[in-house]
């Protein structure tokens, strides 16, 4: 693992996708069509697209959970941490043990797990809830545990598949702030999949718009990093308007 | 039913709530605390508040699904149509039959039900999906069927409890437009419960902010009706910023 | 079977019995038509059982009106129902039960530690074995413990278990005694006849549902007549008896007995309409002693009026109930 | 339209502009990808062929063993012996009689159990006091092996068909009633609320909302009730033989045992198994599948 | 920390500003309202009292009927007769012996069934070919009334305890195996994916993720397996009496039947029922409740 990570010394990309195509069945439709993508270390990239355009498929291939039909994918660190829409915590373990299991599977010695897990939970303001079971936590708290767990994996690349889609708006806004903080301070490379144009415009340094059937990168926007921005800010709004228009154009293409 | 609806001739409010309080158990906490509310016919009111502040409880009392502990509620039309977060379609009936059952229970003669149901489904652009079962529809389509069903009830007052919270952002934006259209053209009185500050600012003529434990109306904003507005528009954004700050203040009050 | 005496003869009489040598009067009565002749317009319907308790259950539930049965189940139902269930209207068979054992057991003193079978818990032979063992000073238990283990087992299973060496012996009625002797190479250790005064003890009696008796006394009398005829025929035609019995057994079970078995079996049973009422109090005492019967009164267990009417009509001696019922 | 529907707008007015329409239909198309149904014969090949092939291999191995090793035929009959036994029993009409008797009893007993269990379940589900007092007892009865009722039933009803029916009913009624109760309990409260909001009366709520919504649970209960009926029936038939009892599959099994005819015993077991499976496939599976499919509750596991 | 954890930031740096902290803790407080647990004695009063009262009323009515109407004691014994019968059987030690024998047999048979059913279930769940070929047969076996095995078992094993164990195992193995299979099938695929993403090996995935996640289904299968063990055991004990068979509750039932002792029969039925309920309450219910509660799957129905 450490051998595969040349400390980002060269100008290597964090993620490199070349000519990636994907079909699920031999005779099935083309889900992803020759996707090329280069993501630099420390970038925050939002992947935006309508339902079924292949966002999750692309993310899963980068995560190594699916195999591409053709093309290559390389992740600088060899492996990536992943967060899903569903927090997917192990329901029989407390919040702390959910984090510890990630530490254990990474090879952290038993003696250090507990304190490290508590530190990670502290990052997401959940030190007090460390001994609670997932069902005793609210949806937002569960996603924060999942975030702590993926931080415990200690990978430079974090893939997130609509992680906040199931949360209410208030909690979502808060987690945006939380995630941005983590990103700014740990300088992880983040690929963030979402339906939500404003969320993408709020969070991303780069926003990639995917088209549907087959999935392609249809457009790309870059946002100047001017420090933290509110979702209601005019920059976010104007970018959102632009992206929305493009997205709607993509969706209309699919009208029967 | 028709007797109780004096054609809004007098300046009667559509909904009038006076000194409404609610406890669920005799020794339980006060969920709603002396709420006074007057909603004029044709108004679009958004009810905003954090989790558990009693929004649903208030709505259910107005709908007649719960009984208040003290205080009175009067709805001009005697009865209100309701839409929930979960579309709550009858899973064994097709979209059309789901609408027809509402017509049947309203007393529409059998011969007219089919054509009326199809007209109502047409309003939500679902005429083509009329014969599909709920599980064959996407979440957004299901909510549109539920909207058609509540229109079938033909009540001047429509209560909506986070109807779009479970939908993805793209669909939600679309349904905002759809709902606004219906409201503008049928002039129904709508009470719309939401967590989402931007949604409230986007849709409401009036936004009511509820505080938590006990639930009270903490603040109120009026939006000048300047015709259709986009969720990204600067008016929406500035109102959202203001409401968010207030809301966060309310939430911080509850920090342990 | 409605219990009103005025309803005249019933359309049907339901009779239960075993397809077994000890029930030979029933087999012969059916096979030679004695019952049907006596019953006239009432149609005879028969049911075959292979255990006393099941027969009693059918009788109690009204599924059958009369049955050939061992004395112990008859006593048991009479006591348990407080005298309401059934009465004995005639005897049928006596003798024909024995304790047969494997080689190597030659006296009662060889028995401790062995496992002996009986046809069924609480049936006539089961009680006899328990009472006899108690007389010999051995303890037994209904749950399988004691000096000698008694294992109530289906007769058919007993033969194969004995052949497999899993049983050391069994107290059985005919033809199983003969089958174990001839097919399982067992030998007789105790012939039950030797334990009774005059070697006479009841094996099978004719039992009638009390309600049925009250409602259709004439039909019951006809049944008793059929029984008397069958017993007489058996005693008059010992040479043909085996063939007739085997024919009925084959018809009822699909499988007949070998000639050797039936011949040996018939040597050991006697057919008589005397139910040996004097033996019944002893049987009650035995059952109570081995904790298998409610101790109770069997006063009224017998109703031999029809039998005695028939016997006196043909000039024979009446039979006594020894104070246990109507004569 | 009746006069009070003035609030329903003239349709032309409310119809959304074309712009919104195409956007919606585009989104609908994207969000409702049609799931490709597996073709019937492919399902057949995937589902039926492997167990059948496996069975055939098993039977062939069995026959080969019997031919090669010559085990005692009364302890280890070969498949051919079993087939012969079946053939024998068929030609004498015993199979037909036994199957007809058992099926008839099972069906009648089950129908009686349904007739008792359904109102009982409704009572339990809807009347709180009945539920509190009777609910635990009925769940307790479900734990009792129905075979335990056989001796009591024999004493009460003798060796007659009433015994069989009693045992079958005692076995099936609790699970039918409890199936209905849990079906009604699982009706999402939201559906009831919708019914109330739409203005349904108590009766309309029950017939139009609660009962249809509870159907899957009820059918599940019926299926389990049938399984218990069939089990109880076999137990009763095996134990209660003789007397005026008819000749059912259980009696046939017991008879074969008494004749120490193992091939016949195995034949009868196969018959009992086959009928159990057949009834499930023919009577319950289609109803259940239709109900579940109509509600999108049928999970077609194609992966794994 | 090991050297490669340089990406994990020094904690002071990442800790969110106080502003965000209070906002989060306010929201957490609002979103996790503690559910008030009903007090134990109130649950007792609500749950246990009504059925017990109902039972007492029933028993009193029964006794009154017996005293007033004097039905035939062998057909309709009163509750006092039943109590006397129990007392008799207790004082002669028959009850204790029968309960001990049956429980011992049931427990041993169940354990053997678990030992067979668990690896079988794992095989079925994890090896696709085994699942395809064997799965339908095992589900079919679940349909077969285990009482049907009794005659065959008697022929194979004679009237010995082996017969009992065979029947118990045939009854319980399919439901234990199928319980494990459905438990594993119901493991959300997302949990497996998380395991893979976290870098679990195949073995770690099985032991740390799949098995714990499948526990509720497995315990459900075990519970059902026990119920089938108990049923099968009773069937076997009632039918297979005599020979070298020990004296269990089924034998006691059959014995009481043979002595036409209905009070004894009812006593034994009550014993069988009581033990079935007791085992469920003592052995399975706590495990199941703990498992479900730990996962927030326990629905406490307090209304209705």
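For clarity, chains are labelled A, B, C, D and E in written order, and residue numbers in each chain start from 1.
In this section, contacts are C-beta pairs under 8 Å (C-beta built on N, C-alpha and C of every residue); 3 or more make two chains touch, one makes a residue touch a chain.
All figures in this text were calculated on a predicted structure; none of them were measured in a lab.
The chains touching subunit B as well as subunit E are A, D. Ranked by how far their CA centres sit from the centre of subunit A, the chains are topped by C.
The equivalent interface to B-E, defined as the listed pair sharing over half of its contact pairs by residue number with it, is A-D out of A-D, A-E or B-D. The chain pair with more C-beta contacts between its two chains, of B-D and C-D, is B-D.
Averaging Cα coordinates per chain places subunit A and subunit C 88 Å apart. Remark: subunit A and subunit E have CA centroids separated by 43 Å (rounded to whole angstrom). Averaged C-alpha coordinates give centres for subunit C and subunit E that are 46 Å from one another.
Among the residues of subunit E, those touching two or more other chains are numbered 23, 25, 27, 31, 74-75, 154, 257, 260. Residue positions of subunit B with contacts to 2 or more other chains are 50-51, 138, 170, 251, 256.
Among all residues of subunit C, those that touch two or more other chains are 57, 60, 154, 160. Chain pairs recorded as touching, per the definition above, are A-B, A-D, A-E, B-D, B-E, C-D, C-E, D-E.
Residues of subunit B touching subunit D in their complex: 1-2, 5, 63-65, 79-82, 84, 86, 88, 90-92, 101-102, 105-108, 112, 116, 119-120, 122-123, 125, 129, 133-141, 149, 151, 153-156, 170-171, 174, 177-178, 181-182, 185-188. Partner subunit C is touched in their complex by these residues of subunit E: 72-75, 92-94, 97-98, 154, 158-160, 241-247, 255, 257-261. On subunit E, the positions that touch subunit D within their shared complex are 46-48, 50-51, 53-55, 74-75, 128-129, 132-137, 140-141, 143-152, 154-156, 185, 227, 230-231, 234-235, 238-239, 250, 253-254, 256-257, 260, 262, 265-266, 268-269, 272-273, 276-277, 280, 301, 304.
By the touch criterion stated above, subunit E contacts subunit A in their complex at residues 1-5, 7-9, 11, 13-16, 20-21, 23-25, 27-28, 31-32, 188, 190-191, 193-194, 196-200, 204, 208-209, 212-213, 215, 291, 294-297. For subunit C in complex with subunit E, the residues that touch the partner chain are 51, 53, 56-57, 60, 73, 76-77, 80-82, 84-85, 115, 117, 120-123, 142-144, 151-154, 157-158, 160-161, 164, 166-167, 291-293.
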